[in-house]
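Each of the next two complexes has subunit A plus one more chain, namely subunit B in the first and subunit C in the second.
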Partner chain A sequence: MKTLNEIEVTKKSEFKSTDTKMEFVNIFFAGKRYRVLKGLTILKALEFAGYRLVRGVGCRGGFCGACATVYRTDGDYRIKVGLACQTMIENNMYLAQLPFYPAIKAFYTVDEIKPSGDLFLRYYPEIMKCLQCNTCRKVCPQDLDVMRYIAAAQRGDVSRVADLSFDCLQCGLCASRCPAEIVHYHVAQLGRRSYSRFMQKPSTHLSKRIEEINSGKFNNEIESLIKLDRKELEIIYSQRDIEPEEEIAPKKDED
Partner chain B sequence: MSYPELMIESIARVEETRSSRLKQIMPRITLEEKQILLENFHPDYKSESFRKLKIGPNRGDKVPHELADLLEARSRIEPKDFDLSRVDYETEVLVIGGGGAGTAAALTAQEQGIDVIIATKLRWGDSNTIMAQGGIQAADKENDSPVRHYIDLVGGGGFVNIPELARALVFDAPMIIRWLESLGVMFDKEPDGTMKTVHGGGTSRKRMHSCRDYTGMEIMRVLRDEARNRGIHVLDFSPAVEILLDESGKCAGAILYDLETEEYFIVKAKATIIATGGMGRLHVQGFPTTNHYGATADGLVLAYRVGAKLIFMDTVQYHPTGVAYPEQILGQLVTEKVRGMGAQLVNNEGFQFINELETRDIVSAAIIRECTDRNLGVVTPTGMVGVWLDTPMIDIKHGSGTTQRTLPAMVRQYMRYQIDITKQPILVYPTQHYQNGGILIDENAQCSIPGLFIAGEASGGVHGRNRLMGNSLLDILVFGRRAGKNAALYASTTKVNSLTLKHLEKFHQELIESGVGLERVSPMLLPDYSSHLSKIRRKGGVIIA
Partner chain C sequence: MKLLYYPGCTLHTVAVQFDQSTKEICKQLDIELIEISDFTCCGGLYPQTTENLMQLQAPARILVQAQRTDPNLELMTLCTFCYNTLKRTHYTLKKDEQKRNILNDYLEEPYNAKVKIVHLIEVFRDDIGYDTIRKKSKRSLLKGFRVAPYYGCLLLRPMNEIELDDQEQPSILEDLLYAIGCDVIEFPYRFDCCGSFHVVNKPEIAEQCSKELLRYTEQFHANCLVTCCPLCYYNISRFGGTDFNFQIFYITQLVGLALGIEPIKLGLDPEIINKFISDSYLV
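For the complex of A and B:
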């Protein structure tokens, strides 16, 4: 049923090495079968199959959450999830992409989100409907303990929400599978902004430096540097002292 | 997956030298040695990979073939036939690009009480900003100063940075950090509020501020959340395909193309900001890239057609540490913070060959020398070559658990392929990372076309010929804010006359007269990664060379 010699055509162009044996597997994208090279990520497999994606693709490096994908493997009834750019294909994988989820977001100004026991309840009262089914945690492609930060949100523990949710990519998979219809990733965003704005202390060295700059403390020095020719600048640059690397003290506390 | 046998043998040699290397710091090389290294091994010095432009404001300047192919190309629309009377959106400021620079620009313009529209090619926030892991520079510590930052900046940039832009960058930096802090960006801090800062390549003081190793993502999340709260109007999946001028030659908006409905929309704007990012997805010289899917130089193409000048487009930044193994994540970024925290670069024999905190161009050239001329690279099963980045040194130096805590994204990335970076080194090779140059701007973020402002990676001049780590997240915010503010001020005092595409007709005429012709079409909008096999099928089974 092939019209082209897949192995020959592929070998010539897809990989530098010619001694690697080319093997093909089947994947089912939205139910339709495609023959693709073994060993690819879902994203690269879709492209291999001929797709020029508009949605369901973004940074291609596991940072943006655009390529959230739901899938099931051969003979298994369970629905799994992952980022298409980070998840490897398997033979007879059934998959569909979920590039957007119509979740509700609360609107606020940053000044009105001071940490308090009812901060999260004010904006996202549905968090109290959590059934503790732990599905959110199971589907998180970042392996975050989502249910735990929702529990922290119920208690109004802002710093805990911020810490536990920090690596969230906002892909929306948690919200897509939550039986209580909680929008975890927006709850987390609220928590992190509240924590950073009100619970982290502002940097005093920052204020001091801004004052110095505004008072013109460095103007003369910069202006004289701007006037220098290349040779003079080169000398200053190569003679500048460099803060020793060793001074980085081992940090054992929370980051 | 883990490592194949041959690579494990090489890892044993890395482990053997580790304890002696822990005490050893490679001396930095002199400016003369650097020049020789660059001329012999940096891809920018490969003259056959560049060509001189035949048309436009930079005629006679050399740029990579991949970019020249897009600059010397026709529009996807026919200017004579395009109906400009039907305006779909009218606004005071149009921001093209929904990454960090564009969103910062939109927020700032709106703060001036101005109507803003953001048009973005992909989803709002899908950008290189979100992928920036390492950090953002600002000279705000006691032992540091903006003057030192300036010296590092121009030294790293090859002493050709535009001084006024460099000054703006270092002076605005602390104010930008304060702005982010006030919006609720979660910086790594000591309990008393002191910023935790580390070195990056080419810094003389530890001024790299970070948010774990998701710095760019955290900044983007907060800026987007803030802009959503403020109700800024966003048109997503709508890249700009042409800039519009008015009869007096001022910038007057853009033509957008909806990728999903395949319709064209006209946005009439008093001021326009290009914040479309760089060109990683052009894969200059065939390099893999760290960049996101949409980094296809669209903004450069658009600006060039209305007569804006480009600067330093003959220099591309290769990040020294792109993933060389496993194949599935080839070219993706291994943040410089890994080297900042003490992981050394080591060859196949287990020896260091460069101080890993030299600037990116130097480290990249040194790795290429190791893998080509000296033949001391490590070869992977698919024929890729690389050198080791000795990541286990981080925990040895700073205590166990440090890597997991400060580089969770990296640890997670590799664990997907059963590689524990706290126990085993990782294989790296330079990857196309950043467009050092761009559209020439002044310190108000304005280019030579009235009403057209540029921010972020699309702009050029501030970084000279080589950008330092942490100056890009800074740049997008400094010039994003400046572009937003100045575009708003400009918009409040200007009037747009009737729209025109005459500049495009003229550009097409130039293409014909110069002999380039009208074959190629740009901007690219999205790269085509469908397989060779599928391309053949599209052509009906005909194999095209």
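For the complex of A and C:
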């Protein structure tokens, strides 16, 4: 990351000259004070301040978990966490970006692991050090019950781990705050992988569709599409069947 | 009757037969068990340091979970480690308001210190009653079981905090075993240590303790040992399995047999049980 002071200066002056109502706030990034526009997310504020982010940034939509960030706000002793693309800046906010938090991932191939009760202990024995302080849950930007899926992992309950950790973005904030030095999100990933490998029912419609493709059901259609030019393709694309969002049937539990 | 049920980690992993047999006998005795969802470990042991409240967080959170699930129900546990830890935590937090306030600052929901923690054998004694159990049992079936009741260290101690039975002269296990028709042996070594957690890093200590215990059991002409503790069960069955000709049972397995539940549903090998039962006819 490097500062581009010139851009910062020009940007600020541009805004000031064109719109006098623009409001600015102070943020402290890595200890240094910056004046940035009010109402930006942390990520945008950093870019506004002139930083070019190459790591610690990803989809900008709150899905990839790459932009985990820690910060403190004015007058509060507590450390807060969030995704930089989703968290709005406040005046006198102290922050830093975490490009990556060191966490070693166990090496395994899904076909070779055995779904026994000590599955998690074999690859991540440190989960037994859990103090049950619940800090991992308090920092999780997805509000997952991290401590309880670690408890399920201690018992070897693969399906519960997969269930409780399903929305994990792998941002690594849990691992950054754990006093027992557990790497929760890797444990959860092992759980979800072994769940889908050993416990989930194989999806029948997928194998059916693969069979259809292999038997050449769609060959003619694709060949005719290949021959079309761009304009004709655009017409077909705009006229395609779109399933209206409201009419999607609610998902039923398959038990 | 309804009970909240905290199985703890072992009852879902190494001591499944304990969990299984409990659920079977509760079905027979009309006890509805409501399992606490997504529980954590209780911590395993009550902390030895008096001022380190952080270690009380885990058991306190389980008590809070029980209080949230249903404040009017008793919380039942089976594993003696869980029972001891939860009960002592409750005792400390009930007695010491200052400690409770400090700990409540760290919990997501404050603990009101009103949950009652019970062991299943306590439910048998106080709520169901030995008379009912005696009436429902096929008492002749268990004549061949010359049982040495084994309390271990944690079920009764410390007496003023646990308040289950006298810590030197208890009778709670014996009374239950009499009620279901076992041949109970006066067993003076019922509090001896099985080696406990030494099995993790110094297994030779646990081996020595367990084998000694089994030798005594043999001297007292018992053919089986009955316990409430998954760790005692683990140590004794691990180190005494081949050298000694007898069985170790969980108390619930024997109660289940007496209530006429099939051995296989109690996590027992039917062949072994048949041996015990035919023995009794020979004697």
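Methods note: the second predicted complex is superposed on the first by the 181 of 255 C-alpha atoms of A that agree within 3 Å, B and C clash if a C-alpha of one lies under 4 Å from a C-alpha of the other, contacts with A are read in each partner's own complex, and residues count from 1 in each chain.
Keep this in mind: a residue touches a chain if its C-beta (ideal position, glycine included) is under 8 Å from a C-beta of that chain, and two chains touch if they have at least 3 such contacts.
All values derive from a computational prediction rather than experimental measurement.
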Discussion item. Quick check on the superposed pair: does A:157 touch subunit B, subunit C, both, or neither? Answer first, second, both or neither.
Written reply: second
Fill in: Dominant contact partner of subunit A by residue count, subunit C or subunit B
B
Worksheet item: So, does A:195 touch the first partner subunit B, the second partner subunit C, both, or neither?
Response: first
Worksheet item: What is the contact status of A:122 with respect to subunit B (first) and subunit C (second): first, second, both, or neither?
Response: neither
Practice prompt. Answer with first, second, both or neither: which of subunit B and subunit C does A:114 touch in the superposed model?
Written response: neither
Worksheet item: Regarding the shared-chain residue A:63, is it in contact with subunit B (first), subunit C (second), both, or neither?
Response: first
Discussion item. With both complexes superposed on chain A, which partner does A:33 reach: first (subunit B), second (subunit C), both or neither?
Written reply: neither
Item to complete: Could you tell me if A:205 is touching subunit B, subunit C, both of them or neither one (first, second, both, neither)?
Response: first
Fill in: Overlap of the subunit B and subunit C footprints on subunit A, listed as residue numbers
none
Worksheet item: What residues on subunit C touch subunit A, complex-wise?
Response: 9, 12-13, 38-41, 43, 54-55, 57-58, 61, 106, 108
Practice prompt. Please give the residue numbers of subunit B that touch subunit A in the complex, ascending.
Written response: 25, 30-31, 122-123, 125-128, 130-131, 138-143, 145-148, 150-152, 154-155, 159, 163-164, 167, 170-171, 174-175, 177-178, 181-189, 191-196, 198-199, 204-206, 211-212, 214, 216-218, 221-222, 225-226, 228-229, 231, 237, 259-260, 290, 292-293, 327-329, 332-333, 341-342, 357, 381-384, 397-399, 401-402, 405-406, 408-409, 412-413, 416, 526, 528-534, 536-538, 541, 543
Practice prompt. Spell out the part of subunit A that touches subunit B in their complex, as residue ranges.
Written response: 3-4, 6, 9-10, 12-17, 20, 37, 39-41, 44, 47-55, 57-64, 66, 86, 88, 99-100, 105, 107-110, 113, 142-143, 162, 166-167, 169-170, 189, 192-197, 200-207, 209-210, 213, 218, 221-222, 225-226, 230, 233-234, 236-238, 240-243, 245, 247-248, 250-253, 255
Worksheet item: For the complex, which residues does subunit A have touching subunit C?
Response: 117, 130-134, 145, 147-148, 151-152, 154-157, 160, 164
